[in-house]
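Step one of this worksheet: look at the structure below.
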Amino acid sequence: MAYFKKSPWIIHYDATSCNGCDIEVLAALTPLYDVERFGIINTGNPKHADIFLVTGAVNEQNKMVVKNIYDQMPEPKAVIAVGICACSGGIFRECYNVLGGPDSVIPVDIYVPGCAARPEAIIDGVVQALGILEKKHLARKEARKQHDRIAAN
Amino acid sequence: MSKRTIIPFGPQHPVLPEPLHLDLVVEDEIVVEAVPSIGFIHRGLEKLVEKKDFNEFVYVAERICGICSCIHGMTYCQGVEEIMNLQVPGRAKYLRTIWGEFSRIHSHLLWLGLAADAFGFESLFMHSWRIREKILDIIEETTGGRVIFGTSKVGGVRRDVTNERLKEISVLLKTYAGEIKEVTDIFLNDNSVKHRLCGVGVLSKDDALMLGAVGPMLRASGVAQDMRKLGYAAYNDIPVEPIIDQSGDCYGRCVVRIKEVFQAIDIIQRAVDKIPDGPIDMKVTGFPNGEFFARTEQPRGEVIYYIRGNGTKHLQRMRVRTPTFANLPAILKVIPGCSVADIPILLLTIDPCISCTER
Amino acid sequence: MSVRLISALSFVVFAPLIGGLISGIDRRITARMQGRFGPPVLQPFYDVYKLLQKENVIARVRQNAYIDFYLLFVIFSGMLLFAGQDLLLFIFSLTLASVFFILAAFKGSSPYSLVGAQRELLLVMGYEPMVLFAAVAFYMATGSFWVSKIIVHPVLLIKLLPGIFLGFFYILTIKLRKSPYDLSTSHHGHQELVKGLTTEFAGPSLAMIEVAHWYETVFLLAFVYLFFAATPWLGALAVVVCYFLEILIDNVFARAKWEVAVKSSWLVAAVLGFGNVAVLYLLKGF
Amino acid sequence: MSLFAFTKTVLGSMVSKPATRMYPFEVREAFPGTRGSIAIEIEKCIYCTLCARKCPTSAIVVNKAARSWEIDRLRCISCRACVEACPKDCLSQLTSYSPAVAIKGGKDFFHHPAPKVAAAPGAAPAQG
Amino acid sequence: MLKNDTGRRVLVISSVVAIGLLSIKLLVDYYAATVVYFHLPAKWIESLVFPAEVAIGLLILGMCFRYRRWFPALLVLAQSGLIAWLEYFSTKKVISENPFFLDKFSLIMALIIGVVGGLIAVYALGYMKVFQEDYHKEVADRRGMFFLVLFLFIGAMFGIVFANDLIWMYFFWEITTLASFLLIGYKGNKESIDNSFKALLYNLIGGLGFAGAIVYLNVRADCADLSQVLDKNPVTISLALGLLAVAGLTKSAQLPFSRWLLGAMVAPSPVSALLHSSTMVKAGVYLLIKLAPLFKDTTVGYVVALVGGITFLVSSFAAISQSDAKKVLAHSTIANLGLIVLCAGIGTSEAVWAAILLVVFHAVAKCLLFLCVGSVEHALHSRSIESMDGLILAMPKTAWMMLIGMAGMFLAPFGMLISKWAVLKAVVDANPLLTVLLIYGSAANLFFWVKWMGKLIMLERPSEELTALKLEANISRTISVPLFSLGFLTVAACLTFPIMSAVLIEPYVLNVFGATVSMTRGNLIIMVLMLGMLLLFPFNLEPKRKGRWMPRVVDAYLAGVNYDSYSHVNSLGGISKNASRNYYLEKYFSESVLLNAGIISTVTLLVVMFLMGSKI
């Protein structure tokens, strides 16, 4: 039995968001939306997190930060790009310091549109990511089994 | 003992959702030195004026910051209007004022929540944001957006609100004021909160002035400076008295913001009483040619837009000086000597908006 | 002997279940106090199951060894208490467990983990006196350090040890890692130390830390029960009330700084703990 | 000394109904003015490309020759500029937001072939 | 002593083996005996004591004149005068019937001195070689004298624990004073000389007390032997008891006299180890424990207990703010001796049992720690705890021994903790109010030990970088063998302590008090269980190599700005190495403030003691 669906812990990083999506991510934690109903906790620590919420596009200085955080997360993990900037660069697409969405640095699993993405949309995105987490977990398990089988022979 | 602890604080840090980086040099739990680094969120949107025409740039200006969105857009528009000598209709001015004050309430409530979170008072954070959602509902209902209002345009506003609805909102605010008071009283009176706020990060009046602090940070150090006194939008008809506090510490800044929430409610109610009927926008023809410094009072303090047009549809130069940028030197001045535990609340008392700062 | 062994073994088996449930109820009540709906009551179990299935990422190669022993000695301490053994040994064993936890964080070696370790160390230094005073006072009141003797003592101990009880309740906030004293690591998402002590632990190791906390919760509440052991229903009531008060305190206090935590717990130990010991001494001596 | 000042509020909310809206199960009707995703009544469209030109993020692509109108949902910032620009009022803004997706690059494509003048009125139901 | 290395090596090792074997033989021969008295083979030896004492006095006087220190000279003159008066002018001089004796406590002490002292001497061979040849070339090579004094010191300690005649004991007592004075000043620079004179001064104060007590006992109480003193009613000889207590307190570096031991840190590490573990300070507590039966429920006893308790508290607190490893060890020694003194002052059977346990465990573990710090100092050229990060990889053998030593000092189920458990019990039974000193002191102990342990195991540099330092590559066997033996002894002492307690300590306590205590069987099983689990720890260290919980190493959390796991990109765009400093809390635990407070309170106590004592 996998419990990824019941206890997704998130980490949030503000790449170059305008704060609009950031505060909506925070708002999702607060009483009106209360994502803890789904077991979601905002851990703030990549090593505890399952889901990486990136808001905003990636720029020259923070691409290594995004990469570092992603690398430090344990498998299975999912990345959600929250907001138009994170999906495509949005209105800042043409800025000289914007390299594009986080998918230019790390693999992104779910794109949540919206400017700013509404808390409901963020919840929807996380729910979709849960399925991906579960799939990744099963794939990992299978890979490990195979690995063990090969090792045993 | 020359060795000291170095704590890289941010850019990814749960207390400060925004990517500000500080190298904290710490001894025991006392911060000896703090070296800031910004640029994690720099997009370079001032240069976008070369690609977007001056009308379109409003959308960019509104997205400089998702919290002060409304006033950013408004300041930009006011600057352009000033260059183009446009006389914006009265109703638009009043609506700008009303939304501006709403964004102040929402921003301050948001700040109160984050501040509570910074000193580890989770339930206070939750309750602050619970009430903030009610303000957001009003905002969404009248503007169509929760955080990005999208109401500004050069020459007026993009939406109207009926007078009846404005009256209802005015009444509604009265009941919300009671709820807000229930929460803000905790900030002002609870001893465990006071222990974290009083005497922390004291900024003297002279330092505040010398280091160029603005907004609540400056007013908490006893300087009565408020850009709304300039009388832009409807502030000519609705005079505002700056709220000041003499203590200059985190508690003082908290007091100033809390009082401003109630002041903002009062301003909205007065504006609703006085709002004239009429059109909400005017036709804009031609292109801006000239330059102007637009200054307004954001929730975080004074924001300055320098706008220069050269008679084409693209502006020649656009420059923003945001309040957080002005406040950073002041907060760095008071950080040495405080403890690590105070860092979050100290940074938060300038109500940092790194997104504005780095644009 | 066999009764003691059964009691100790049932602690090993049932304490995590009870502790997890308590933690789940705690989270639910906390959420309600914050005006939220809150997670399912079984949420802590989901979390731990999930963590066990996660990948085990580490920052320093040998860091997890310390966590294993932290859990081991936490369980062992609880067994000592439930087997009715010497209270002092229970305390020392618990200290050993805390030391392993702190060393694990030292081994983790990131700045946040290290500051967390130092803070935890300060907290341990803060609450240690009160715990020892409690043991001393139990001895003075019952004539034995043995839990098995204390628990059958016919007198309601709270009558003799009100100061000790209050003092112990005070440091319970530290031990249960509740605000205002959740300095070294926080169950809340947002803390200046990120996750302090547990910053470098992920997956199964984090699950072990979580389970160790459950064990700790259970035997700390059992310690509370000792004060009321003569009247079991009162004991049960006291445990419930104490825990509820801890949740309430968690929700109505800002996080304190370490100075306050250490100074106040030492002061509480000196006034309530030592005061009560002194009173007992005077009553017995003259 | 004012400790436990928050107790009243906290205990009050503990016994009263939580403020939480049980989102996926209970969806509040959006405010009529909410800026959500953009919808088009493609039949009314004259392919004037005004919307595409006004769009600050170039999310809209209009092809007059192919009579198609497409929008990249992952670019649209719901600013309403297109709706305000549309001369035929065929664009409208919904109050609902567009859903999260796992694959990037998918565009919502609308195509309305030019009505065939020669087509007999009776043939339409058969086509449908 | 031979001048060349090999000769010295052979000589030292063979004498150490001889001493060790002799002390073990003593144990084997006499473990069943309660008390055995010995006579001197000839009377003339007796008459040599005084001239020898005069010689010591003259030597010290000579040194005093050479360095122009007048206070010690005065003290020497005063105490020699007292003894001379007793020898030649007093009619009341009592002739000792049994100048030497042996009981189970002195057997334990002999074992400690023989084994631990011997290991230190072996260690000193390797250490002093490096000391002279690499590290302190400026110091004149006087290793011949060094080892001579070392063995003199050890010999004198044997003398103290076997002497029954107080004059003899006083004689050995003065030899230890002289020997420590010479060893502390070994380096010969100003700092060393200053501190050696400080040690001399304080110890001579104690010596004066001792001399005074001897005179008083001879003249007023007609007794010359320790055994006779123990039979007296403490009330009648309270002045002498007070003076002896002062002698014991100075030698065991208790407040207000503790500064000399802190100053003695300038000496080479083997000397510190010797002073702190098996000799010198142990002489002080030995005397106090011997006198413990007289202390029970007397003013002197209360004062001694309080002084010990306050010393424990103050020194434990003071250790928190220290970053110099040897200084931490010194404060910890003083603190633990304080505990022993506290027990002696209480003077119940339980307390004495605990005190002897403490003496044993403390000697082994503290000696181990000092020797480790000595090695580390030579490898890192620093004594600062802050420079010891990652030692577990840079010097794995030494670091593990250090960890064992530290665990031995404060963690369950190691020796010191067993003893602390016993002390707590004893104190609660005697006077629960004294527990307050104990409890707060223990909390502080925990703090400074754990943060040091943490420093050893944390890794702020890549492990390859640390192992590449190869700091232990050419560690000599004369250094490693004593370290490992002491590490082994620390653990073994824990396992064998029930036997030791049953065979030696309990019979001794039973003999002196007519009652004894021991640990219950249940507790013993628990202790052994815990130790067993702890011994499994090294096997758990290697991470799993396969399976679902096989770990993956990622960078440490540095708020996202990792350059790698050990450094981050700093605000100026450069690379900052991780750095962390332990907490020292100087604001709250300032050494000088604490010591001053301790000195004032203990001086007051001692003054009160003498005022009350003189009335009686």
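Note that the chains take the letters A, B, C, D and E in the order they are written out, and that residue 1 is the start of every chain.
To be clear about the criterion, contacts are C-beta pairs under 8 Å (C-beta built on N, C-alpha and C of every residue); 3 or more make two chains touch, one makes a residue touch a chain.
Note that the structure is predicted; figures quoted are calculated from it, not measured.
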item: Chains touching both chain C and chain E, listed by label; value: A, B
item: Chain whose Cα centroid lies at the greatest distance from that of chain B; value: E
item: Central chain (by mean CA position); value: C
item: Two chains joined by the most C-beta pairs in contact, as defined above; value: C-E
item: Relative to chain A, chain with the most remote C-alpha centre; value: E
item: Distance from chain C to chain A - Cα centre to Cα centre, in angstrom; value: 34
item: Chain centre separation (chain B, chain C; CA means) in Å; value: 43
item: Interchain centroid distance [CA atoms averaged], chain B/chain E, Å; value: 64
item: Distance from chain E to chain A - Cα centre to Cα centre, in angstrom; value: 58
item: For chain D, residues contacting two or more additional chains; value: 3, 5-6, 10, 13, 18-20, 22, 56, 77-79
item: Per-residue overlap in chain B, given as positions that touch at least 2 other chains; value: 5-6, 8, 11-15, 26, 29, 59-60, 63, 123-124, 126-127, 130, 133, 145, 190, 192
item: Contacts with two or more other chains, residues of chain C listed in rising order; value: 31, 33-38, 53, 55-57, 111-112, 114-115, 189-191, 194, 199-200, 203, 251-253
item: Inter-chain touch pairs (all); value: A-B, A-C, A-D, A-E, B-C, B-D, B-E, C-D, C-E
item: Touch list for chain B against partner chain A, complex; value: 11-15, 17-19, 39-45, 47-48, 51, 59-60, 63-67, 69, 110, 113, 125-127, 129-130, 132-133, 145-148, 353, 355
item: Chain D residues within the chain A interface of the complex; value: 18-24, 27, 56-57, 72-79, 97-102, 104
item: Residues of chain C touching chain A in the complex; value: 27, 31, 34-40, 43, 46-47, 49-50, 53-57, 189-191, 194-195, 198-203, 206
item: Chain B - residues contacting chain D, complex; value: 52, 56, 59-60, 63, 123-124, 127, 130, 133, 137, 140-145, 150, 158-159, 182-183, 185-186, 189-192
item: Touching residues (chain side chain E, partner chain B) in the complex; value: 323, 384, 386-387, 558-561, 568, 570-573, 576, 578-581, 583-587
